[in-house]
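Each of the next two complexes has chain A plus one more chain, namely chain B in the first and chain C in the second.
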Partner chain A sequence: MPSNGDQIDTRIEIVTPENIAFEYRVAGPFRRLPAYLIDLGLRVVLFWLGLMVFMLITGLLGVPGVGLGAGLVWAFLLLWFYGGLFETFWNGQTPGKRMMQIRVVTVDGRPINGLQAILRNILRTVDAIGFYQVGFVSALLTERFQRLGDLACGTMVVIEEPQWLREVLRLGDPEVTDLAARLPYRFQPSLSLGRALAAYVDRRATFAWGRRLEIARYLGEPLREKLNLTAETNLDLLLCALYQRTFVAEREGETPGQSPFAAQGLEK
Partner chain B sequence: MMQLDHYRIAIRQRSYVDVLDLALRVLRTHAAPLTGLFILGVVPMALFNAYLLQNYLEPETELDIPLTYLWYMLLLVLIEAPLATAAITLYLGEALFQKTVSPRKIARDLIRTFPQMFFFQVLLRIPLIRFVAPWFLLFGVWPYLSEVILLERNPFFRRRRGAMTTIRRLRVLHRGMIGELTGRWMVSMALGGLLFASWGLTFWGLGGMLFNQWEPQGPVYTVFYPAALWLTIGFFTMTRYLSYLDLRIRREGWEVELLMRAEGARLNRQRT
Partner chain C sequence: MKVSDLLESRKENWRELDRLCTVLEGGSRRAAPATAVSRFAALYRAVCADLALADAYQLPPGTIHFLHQLVGRAHNQLYRTRTFHVRDWMRQLFVVVPQRLFADRYLRLAFTIFWGVFLAAYFLALTQPGIAEQILGKEMIARLEDSFSEPVARQGGAAGNLGGAMMGFYVFNNPGIGLRCFAFGLLFGIGGLYATVANAAIIGASFGFMSRTSGAASENFFHFVTAHAPFELTAVVLCAAAGMRLGFSIVGTHGLTRGASLRRAGEQSLPIVLTAVILFVLAALIEAFLSPSAAPYEVKAAVALLSGVLLMFYFVFLGYPREGMTNDEIRMTKECRSPNDE
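Let's turn to the complex of A and B:
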């Protein structure tokens, strides 16, 4: 994907002390809201369950007042330490965050420690001032969508993006197979060309016919010339054929493994 | 017309929550012009509403709440919102896809599109808007009506056979997406309610702390309530524009087109 640093996006780049750069997608307040609501609901359930257990036990022992006191201590612990303890022992995640696939990390991309986890959750009370307007405004003004608790602890919340292999599509069209067989074997697509082909084949079925040809033309025309194909060659078919030759044929062992994709999948 | 060569926003498919977060990033990057256009569009409408509803401020219930005033204010804001925020949509179209933003062009487009905006967004809505039940039809079925009128500028009437008109374009753009768009509309209604409540209560709390005025009267109805409504509308104008982009990205494959163009250009450079 062509891009430049001036583009508005929720991605940020982090460069480690070892000079390795990698990208994160930071989670803003709206991405974090469902996780917060899940955790809030879970805390309410845990509180009532705990209170019932305490009341039952102390009621059986004949000291129900102690059960109520224990329930208040339980509520205090849930209110102040639920997030901090989960984030400490679950590597920056609470149940809500895990379900929403987000994680708290330090601003340089490392796992957070216990102190950061507990402090950022205690400082949530400051962010909650004005019905979370303080946290909202803070997230709006910072590059990494940090609320005050995050700013104080040097943390941020990122979206976990699992890397998986793009499924190879088998096009099954005889015309594609025929054209793929006629493509010169000396031509091996680069990684970026392979990604472009995979993106096109993955999405082409969702485009109207006219739009499909319009998009295929940008890459299909220079490819057609480079491969010395006739002007009648259908550009949509050409891209599909090159995809088939690059990915499907390679996987089925029909051609020698020269392509850079032979040993590795494409990241989606 | 949007130019994909000069885009200032990362083009890719996004979930709705990501669109909402991206709106915050857009607001941060273009804070000054967006605030200016918001004030320019909203303040005259807000003053007009205050003048129109000044006689409805009398409390009507045992709770001392002027319900008629609150209801009419909500309806007026909903009717006026597309016109009041049209300049913001036009600005975003220019700022995110053109090299430079021309205020003159925005003003010209605003005037050019006014007849269609007034017809679709005001005249057609007025008879139905006082009933809550058809709100889904008014706001949920063709949610990107304003964006299509303002940014694509198709004619109202077909001048030649097969030509694209506003209504035809709306049908094409929204076709097959009603389920997802309805879901998004419901989520935005819920989030809009939350944001409105959050802003409204914050203003109320600030007013209470600064002026020791905790009773819900005077400024709570005349200032805080419409301000919270308009701020919510303003924010969702941005998110609606970004959702419109997202829909076009998915329907028309902009991110694939950009990849194709980049690779095509690379091959052409290799040949020459």
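Let's turn to the complex of A and C:
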């Protein structure tokens, strides 16, 4: 995807085979570094454990040299194929990536294949020049924070964090309900206004009283004029009432009980 | 229909999918019962539909955000990484890769450079006194003479034991050099070129120097290197060629974007590099067990000859263009030969 200037944050849109578009957040260097360090530590531990086991077994058999050799082969595998094999069999994750909740996917959002997983980890050598300076610069210069290995494989690392579902807020305040009832019946907030209202109401609990009024003023004042409300109307309460109208109250022109999901046959 | 009621009716499905995702992400894919897996697909489709209609339903942004990440997580569980199949590997190794190598221009280039520099350094070191010292440096010459001053064959019954340790060291060290040589090729091919030329000059000069001087060190040297040389030198050339392909693909894109050209080169070169790793391991086996053994020189020479014949068989007989490739494989092979005509 060419840089189109629309992008102001780290979200990347993906269109799935189900023909819907969803967004990923791309993982930046500062989330990938801890994952890398975890993997590095794990590799060191695995190497020593493996070496000890090999030496113990072969030492008992009287051929410790073979154990040392096996330990070195083990080191070779860990050094070059640890990431590649984990990302192949763990669906784009290594233990470190799983702990940091990030995952490697292709730039078009599909899972990576074994070839890509192995290649991007072999090319890590180049990114690691100067303690990952090459990879860091490459990540900063590309839209999807790709290091050189990612560029050669067409992969990116995305954040995959579980989130809590936020409920619609029930503002039990009687003043709000009162004000909502006094709003003109035919007024329905538009889509973008609804979004702005939700963004405000989601956060207002964390604001102090004065701050609420200050923020609500930008949206509240024009709305108060448009809806012919008195100048004493509390703007914070006005936005809450509109929120209630948008998301909680019955809408005009819709028959209650006609669920848009009824056709999908998923209601148990 | 109120948004709050709508959320209420969908919440359970979303939470169920969320829980299923957590179970599947935990790696216990086989532990999940079949009914849960089939329900997962239905739930995923439903959430996709919800997300597609999120604007029409006027869902609040927080909820839409939640749906985006839920669809993303479920998407990654539904579409999983394609792993390797051993049968595919065999086909890659013995059918696809040799034919691709046979057509590979970069392999010819790397081959020419490597052997050209090797022979030049060899003859210079053989005929001109002092040249070997200039190429290798005094220290390295001293080390060479020192390490080959004793007969390579070891005494006593420790051969198996020490051989095991040496085998491990060679497997750790040599493919690592090759892989690094490949990866550094990414830097516009210069890394691969430099590594090829440097390796060829050093090895060639060592051979020349050892041929010029006579005596125990020279004899021991050839006793040691002959048997594993064909596999190891071929593997070095393969890695260098793959690295050059990677690096030059950024410069000469043949009508693609630089990114796409690099991705294509990566896809083409990785099987070649993995083949080289296999050759390195074969060489390490010989280097650890046969090369330092007391076996007569004739046996070692015979092994070198045999591996040479095997390599010829691989590159020429298996590599010669033939029927039975899929269209995709034919396209890739053609691109290796001349990326221009497509």
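One rule holds in what follows: the second predicted complex is superposed on the first by the 161 of 268 C-alpha atoms of A that agree within 3 Å, B and C clash if a C-alpha of one lies under 4 Å from a C-alpha of the other, contacts with A are read in each partner's own complex, and residues count from 1 in each chain.
The rule we apply is simple: a residue touches a chain if its C-beta (ideal position, glycine included) is under 8 Å from a C-beta of that chain, and two chains touch if they have at least 3 such contacts.
Bear in mind the structure is a predicted one, so any value in this text is a computation, not a measurement.
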Give one of first, second, both or neither to describe whether A:V63 is in contact with chain B, with chain C, with both, or with none.
-> second
Using the touch definition from the top, say if A:A199 reaches chain B (first), chain C (second), both or neither.
-> both
In the superposed arrangement, does A:F22 touch chain B (first), chain C (second), both or neither?
-> second
In the three-chain superposition, say which chain, chain B or chain C, touches more residues of chain A.
-> C
Which residues of chain A are in contact with chain B in one complex and with chain C in the other?
-> 195, 199
Which residues of chain A touch chain B in their complex?
-> 1-3, 6-11, 27-31, 33-34, 130-133, 136, 139-141, 145, 192-193, 195-196, 199-200, 203, 206-207, 211, 214-216, 218-219, 221-223, 225-226
Interface residues, chain B side, partner chain A - complex | 7-12, 17-18, 20-22, 24-29, 96, 191, 197-199, 201-202, 205-206, 250-253, 255-264, 266-268, 270-271
In the complex, go through chain A and note every residue touching chain C.
-> 14, 16-20, 22-24, 58, 63-73, 75-76, 79-80, 87-92, 98, 103, 105, 109-115, 117-119, 122-126, 148, 151-154, 158, 160-168, 170, 191, 194-195, 198-199, 202, 246-251, 254, 256, 258-261, 264, 266-267
Footprint of chain A on chain C - complex, ascending = 1-4, 6-7, 9-11, 13-15, 18, 21-22, 25, 27, 42-46, 48-49, 51-53, 55, 57-58, 60-63, 65-73, 75-77, 79-84, 158, 160-169, 171-172, 175-176, 179-180, 182-184, 186-187, 191, 246, 259, 262-263, 265-267, 270-271, 273-274, 288
